[in-house]
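Each of the next two complexes has chain A plus one other chain: chain B in the first, chain C in the second.
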Partner chain A sequence: MDLETLLSYHWSIMTPEFIILGFATLLSLLDLFMPRKINRRILGWLALTGILAATISVFTLLGSAPESILYDTFRLDSFAIAFKLLLLIGAALVMMLAVSYEPRERIDEYRGEFYYLFLAGLLGALIMSSSGDLITLFIGLELLSLSSYILAGIRKKHLPSNESAMKYVINGGISTAITLFGMSYVYGISGTTNLKEMAAFLPTITNNQHLYLLALAFFMILIGLSFKIAAAPFHMWAPDVYEGAPLPVTAFLSVVSKTAGFIIILRILLSIFFNVPDQTGTTSLMLSLQDYLAVIAGATMIIGNVIALRQKNIKRMFAYSSIAHAGYLLVAVTAMSPFLVETTWFYLGAYLFMTLGVFAIIQIVTASADSESINEFGGLYRRSPFLAVSMSILLLSLAGIPGTAGFIGKLNIFMGALATDPAHYILASLLIATTVISYIYYFGVMVQIFFRQAESTKKFPLSPVVGIVIIICVAATVILGIFPNIAFDFLHEQFSSFKDFIQ
Partner chain B sequence: MMFPYYLSLLVFSPLIGILVLVFIPKVKEPFIKLIGFLATLPALILTVIAYIAHRNGAELSELAEKVGWMQFVNPEMAGKIYSIDYELGVDGFSLLMLMLTALLSTLAAIASIHIKKEWKGYFMLFLLLEIGMLGVFAAENLILFFIFFEITLIPTFFLIGKWGYFEKEKAAFKFLVYNGLGSAILLIVIMVLYARTGTSNIEAIMSIMASDSDHLVVSAGTKMGLLIALVVAFGVKLPIFPLHSWMVEVHVQAPPSIVMLHAGILLKIGAYGLIKFGMGIFPDQFQSLAVWLAVLGVINLLYGAFLAFIQTDFKKVLAYSSISHMGVVLIGLGALNAAGIQGAIFQVVSHGLIAALLFLLVSIVHERYGTSDMAKISGLAKSMPIAAGILLTAALASLGIPGMSGFISEFMAFLGLFKEMPVLAAIGCLGIIMTAAYLLRAVLSITFGEAKRENTEVNDVAPLEAIPAAILVGLIVLIGVYPNILSGSLTSTIETILLGMGG
Partner chain C sequence: MMENAWIIPLFPLLSFLFLIVFGKRLRAVSAYIGIFLTFASFIISLLVLIARFGSPTYKAEGIWLTIGDYQLTAGYEVNQLNALMLVIVSLVSFLVHMYSKGYMHGDGRISVFYAYLGLFTFAMLGLVLSPNLLQTYIFWELVGLGSFLLIGFYFYKEEAKAAAKKAFIMTRIGDVGLFIGMILLFWQVGSFEYDEIFAAVSAGMISEQMITLIALLIFIGAVGKSGQFPLHTWLPDAMEGPTPVSALIHAATMVAAGVYLVASMFPLFAASETAMMTIAIIGAFTAIFAASIGIVQKDIKRVLAYSTVSQLGFMMLALGSAGYVAGVFHLMTHAFFKALLFLAAGSVIHAVHTQDIEKMGGLWKKLRVTGPLFLIGTLAISGVPLLSGFFSKDEILVSTWVHGHTFLFWLAVVAAFFTAFYMFRLFFMVFTGEARGKTANVKESPGVMVIPMLILAVLAIGAGYVNTPWFGTFLGDWLTEGNQALGHGHVEGPAWIMVVATAVSLLGILLAWLMYGKKTIARDWFSAGVPTVYGILANKYYIDEFYKMTIVKGTTAFSRILHFIEVIVVEGIMKMVAGIISGLSKLGSRFQSGQVQTYGTVAFLGLAILVIFFAVTGGYLK
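On to the complex of A and B.
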């Protein structure tokens, strides 16, 4: 590639990535050269500035025609823009939590790394959202994963944090290997790693043997990726890692990393397997394998919700809750309704706000109590009505009660499952039944908050930054719940239903 | 007199009270109670005005409202536009229910003077519950109906769990799980209808289903399945025989002022749903199910009456009596003729008033004796003669003495059933005798039983407690002697239903 071709590319479509990359580099250099006695917290604010700048640059890219550079390996379509928005908003909120995070044994020495690893992980997720090639997809995935592994173990002198990082690396390594193995089959059959070329080639396959191989590849990729979204069968890392990792990292994993996981799943399923004909040639491989996907979705919902019932540790409970939510989202993926992308986007957005709000509150409550038991929420209503009411609204949203964004999201998924032909009655019923089970543990927390007595009457030191995170999350949850059309109109106007997904 | 957004104002008027309460310090007990009471008045006044205007010939359709709410599918992609509107409207039946709700809310707010703690939270939840109940009866859209239906769930859970008696939390969770499952099933029915017909407006669905005699939109089997699911969903609320255990606990454990609303309104939502959706949307299927409903009704009637006979706690007697009386509603619906349906609706209203009156008395007596065990409160005629008198009146109304509302409703329901299924009706008549037996047993032992010495010191009914009781007794007698006050606005509703049934 000569310089001329290189310069002829529209690099401007990569602005958000460049901004994050620039800030990550800047941060690491500053961390290196800054005198030791300067508090590294300033770097966190710098990182936040970077994320906000990248968010603004994504907004300026809104409405631009789909474009791809670097031999179609990097493409910017409405799908990419929409999900980048989610990733950046999520990352910004996580960064705000990270700035005010202060574990007991203090992490002053590596606070700098803490911040730029977040940025590196975010960069990986951003690349995933607009990659047009299996290679870039995989690189993005690895960048995200490797950063997360280190982040999980950032509390170097805290045993559970180390344990969680170890578990995360091993599980992650295995699942990535499986994904890569699956991708290699697809490459072997189609002879290309480019998604666009694959989409053109795969429909022409007639050899049944190849179809079997592709089906195998489908399962391997799916099972490998189920790790990233914490879905069955690779869900077991989530409780341990969520419990051991520092709280902002847990929030990052459950929101940004999960969103990235769904991005890659949608990219691969829609651009590869949706185009493969099945054996009869009448429908696509993806649709004929729907039942298996449904089993994964069902198992994930049941495991997540049922095991969450027995948890005593609040972070662990929310790990299972996050598994359950991955299951709900998989219902949408399984149903493959015509509005799949909208549904996923909306639900991930709603999930982002409600989960980050909850984690912000957990951060405050557990930090002052130095324990992560659910009992720490006892009598929260008396100690801090603001936290109690915010937490209840977020929990109601997670439980899918009307008036909140969580309800609208679930309604969409539910409708998608029933609007297709044939309708997925069983899966939809399972979605609803497990939702009712989830009432028990979400309301269990509220019982602690409102019905139990507080062990101490001490007020919480509420830092304004975390307060802002909570207010943003609660406001977004309620506003999207009452006026969902704000989000849907935005989707329809800016992205015209993601029609440019593969072109 | 009908201004735009009349119904919205009506439904959301308690919100004003909630907002005012937010700014009141939580120690100002009398003031909070006053605000709580005043906030229920606008809804009452507005319903009464609408009712009087309707009696004078005003068209109820003037009240209908429609605002676009959300639209979550791009029509280009799905072919059908899936939009959900905010639609309110009333017919004669729902206007009556609105009036009943507003009235009982006001009276229950007065009865809430006996609440001992956290008045601010109590009244905020109380008013939220009122919004939910009013919304249920004003919704002209299935999804909106569901949303309001779920909104009643949350405040009721907290009101039971926080302000109830000894086993309040267990009762609250039982309430939540049973009703959560019920509403989950309801949501499935609603969403299947929505996905198949593309609309969630009740009238639109009715007309689509009416013209769908060839079962093209929804297959005949699915229709039957949906109706059965609907009966189960509303059967939990009503409750129908095997699904009733939660309701007994709620009656016993919840604060009596909330039970007034629970027995008076929340249970009636089940009947309202069966009549409005079961009969309205699936008229043909309802006809083939009618026999079973009548059988279930007779079982409810006898089972409730039988168990009420052996209870020692007066609240339990009333709980089983509610089950028994809801049997009459089912009997009326099973009869499927004008008399039966009218009887069922009369029973809904009349039992709402009677149950509220009885639980008002429970709250009065419980306040003074600290128990509702019949052995411990016996000799009421000596210690509290006025309360004993009202109790006797209420019991007579409940067992259906001519001249009171209970008589009219039971008489018409059985009149309807005797016409269609004489044998079943004859068996059911045993229930009427048993009703008299258990009520007289309970009331006589309370009123004229041996007085405990320590009981002679209590004060009789205070004026503030007497007002709601007097209003309720007055209405019960009014309906008993002049039933036209209800049937006047019901004629058109019943005609529409019977027309759907094919005459």
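On to the complex of A and C.
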């Protein structure tokens, strides 16, 4: 590649990535050279500025025609833009939580790293959303994973945090190995790592042996990636890691990292396995393996919701809840309805707001009590009506009660599962049944909030930044619940139903 | 201005949300927030009404949800009827908010009270603005919730709790009818939009029997909400709520929602002769039936409650007799004079701390403001000439006569006589004669309570002049403008009707005066003369007992059987399901050992199982 071709690329489509990369670099340099006594919190604000700048740049890219550079390894299409928005909004909210995060033993020494590792992770996720090649996809994935491993253990003098990082890195290693093994099959058969070329080549395969290998690759990639979204059977790390990791990191894992996981799953499934014919040649491999996906989705919903019932630690409970939500999303992926991408996008958006709002409230309540027991929510209504009402709205949304974004999201998934041919009745009923089970633990928290006595009457030190996060999340949850068409109209206008996904 | 009408319900909603969150800290200040926000609602409602005079109906809506091929919309509409209702609701609500400042003074849960009032007002205004049946239904239920919360406001009183429950359940029976009617309508028309429903009706898309069925089902909803026979029994019990609540919800606004529903779906009802006839008969019957009970009640609020039931019957009678204008007109005047009567009654209760009229008497001299105001309300409801009730009641009688319901007409005349009689019985027993209770400490209510009553009194006198046979039927012409289906703005009737109406009302007053004022006729000539009839009336026709004996007993017996099934079968299954779930949960948590090697193993096993299963079923190992 000579300089001329290099310069001829439309680098502008990478603006969001460049901004995040620039800020991450700037932050690490500042952290190195700033005098020790200066509080590193200012770096957090700088990081937030970077994320907001990147968000604005994504908006300026809205409506541009799909384009790819660097030999089709990086492509910007409506899918990429839509999901980048989710990632950036989620990361911005997480960053606001991180700025006001203050663990008991203090992390002043590593506070700088804390912030730029978030940016590095975010950069990985952004690259994933725009990847047109297995290699960039994998590099994005690893960038996100490696940053997350360190983030989970950022409280170096806190034993659970260390344990959590350790477990995360070991499990992550296993999952990466499995994913890569699966990808290597795909490469071996198609002879290319480029998704576009694969999409062109794969439909022409007629050799049954090759198709069989591709099916094995499908399973391996799926299982490997189920780690990222905390779905069965690779979900078991989640409760331990969520519990031990610092709260903003937990929030990051359950929102940004999970969104990235779904991005890569959709990319790979839709551009690779959707194009592989099955043995009979009548349908695609992906659709003929739907039942397996359904089993994974069902198991994930059951495991997440059922085990959540027994949890006493609030972060652990939400780890299982996050597993359950991954299960709901997998129902949409299984059904492969024509609105798959819209449904997933909306649900992840709704999930982003309700989960981050909940984590913001958990951060306030647990920090003040220095305990993560669900009992700390006892009598919250008396101690802080604002937190109590916000928490209730978010919980109602997580439970999928009408009038909230969670309900609309679940309704879409439900309708999608029934609208396809053949309809997935069992999966849809399982979705409803497990949702009912989830009422028990969500409402259990609400019972604590409203009907239990508070152990102390102390007020909470509510920092304005966290307050803003809560308000944004609650407002978005309610507005998207009552006027879901705001989001859908935006999708239709800006992304015209993701028609340019694989072209 | 009309495009901003959506703001109107948001003020009370804001009041509700704000007071629920911050009410505890604000305490008595809550009242000012509630008053201020409802006042804002009222001002905008007034501007919207004025704007509506000069411009056509405004409607704005957007798609709320798309399910398959159907699109559910949400939005708001300002037509003549809504615009008028907006002003009535927001005005009465504002006055009641203000009045409650004095009435509820010193109550520890005053912020909760104002929060509930805000919720109710929001729901009622939302109901009025709804452009489609689904939205109406949502707010209809929300209004019921507000009413439930406020009736049960003194939840530590057993009666209040029971009354709240009764109101909720009785109205719910009606709502089931409404719901089924609504679904049938959607099935037939494919839309909840009023416009499209009416268009479908006038285009003959729905068969006549179907229209009748739907109209009757929807009317059942209205019967429940508006306390019509036979679902009226909750309304007198609802008087357990604080008196300002009775004025707002159970006199002026919510109970009128049934009438409003029939009025706003008038073209549908008008398409079915049977439905119209049913409405007229139920209305007339309720009017005379409740009025006769009102004659013997001893609780000041219960008299007013039965009077409300009876007056709502008048409105239904008007609507059933194609008297759209008469029904809506009476709804308006009734809202003003009945709210006035309730607030004045509240002022009396506030002063003497009892609701038993046997223990009152001679209060005219003590309550120099409340007394005359109560008298104005009484004169208005009795249909004494020149006050608002006279004109609207006359309009109802004329419509009934012109429509050819001769028998119902005479029933209504008798009911009007009863009305004048029991209202003046109430007035004479409370305000004249010897004091029968302790009246030493009786003091007039404070200004915040008096001013709302004064405003309502002015309206109770003057509101009738917007639609009179003498000075022009302005209201009627405006209400029916541009809509043929609603009938004519004014119905010409024979002049003697007005004379008869005046005569019966004066006759009723005279009889009441002879019995309770001058006492030339012994008070007990009726109860002593025909004790059976008196007993029946005093026991409200034994309707409650009848329900207890039949429906409640029957339901109880039925529920015993169900209970048996429940314990053995359902609970067995439930326990099994719960057991399985909690067993799974326990098992799952045990798996979660904290050992990272287990986690990896599980993932591998999962992968292995999938692959083996695929190999077996995928056709390669066959």
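As a convention for this text, the second predicted complex is superposed on the first by the 503 of 503 C-alpha atoms of A that agree within 3 Å, B and C clash if a C-alpha of one lies under 4 Å from a C-alpha of the other, contacts with A are read in each partner's own complex, and residues count from 1 in each chain.
The rule is simple: a contact is a pair of C-beta atoms (placed from the backbone, for glycine too) under 8 Å apart; a residue touches a chain by one contact, two chains touch by 3 or more.
This is a predicted model, so every value here is computed, not measured.
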Checklist entry - Should A:F114 be classified as contacting the first partner (chain B), the second (chain C), both, or neither? => result neither
Checklist entry - Between chain B (first) and chain C (second), which does A:V389 come into contact with in this model arrangement: first, second, both, or neither? => result second
Next on the checklist: Quick check on the superposed pair: does A:F83 touch chain B, chain C, both, or neither? Answer first, second, both or neither.
Outcome noted: neither
Checklist entry - Is A:K167 touching the first partner chain B, the second partner chain C, both, or neither of them? => result second
Checklist entry - Which partner does A:F359 contact after superposing on A: first (chain B), second (chain C), both, neither? => result neither
Next on the checklist: Looking at A:F273, would you say it contacts chain B, chain C, both, or neither? Reply first, second, both or neither.
Outcome noted: neither
Checklist entry - Of the two partner chains, chain B (first) and chain C (second), which one does A:Y351 touch, if any: first, second, both, or neither? => result neither
Next on the checklist: Is A:Y328 touching anything from chain B or chain C once the two structures are fitted on A? First, second, both or neither.
Outcome noted: neither
Next on the checklist: Contact-wise, after the overlay, does A:I303 reach chain B, chain C, both or neither (first, second, both, neither)?
Outcome noted: second
Next on the checklist: Going by the contact definition given at the top, which residues of chain A touch chain B in one complex and chain C in the other?
Outcome noted: 408, 415, 419, 483-485
Item to check | chain B - residues contacting chain A, complex | outcome: 68-74, 76-78, 82, 121, 143, 146-148, 150-151, 153-154, 157-158, 161-162, 169, 173, 176-177, 180-181, 184-185, 187-188, 191-192, 194-195
Checklist outcome for this item: chain A contacts chain B in the complex at 338-339, 342-343, 346, 396, 401-403, 407-408, 411-412, 414-415, 418-419, 423, 425, 428-429, 432-433, 435-436, 439-440, 443, 446-447, 450-451, 483-485, 488, 492, 496-497, 499
Checklist entry - Where on chain A is chain C touching in the complex? => result 166-167, 170-171, 174-175, 178, 212, 215-216, 219-220, 223, 226-227, 232-234, 236-237, 239-240, 279, 289, 292, 295-296, 302-303, 306-307, 309-310, 385-386, 389, 408, 415, 419, 437, 483-485
Item to check | Sites on chain C touched by chain A in the complex | outcome: 20-22, 24, 62-65, 67-68, 581-582, 584-586, 588-589, 591-592, 594, 596, 598-600, 602-607, 610-611, 613-614, 618-620
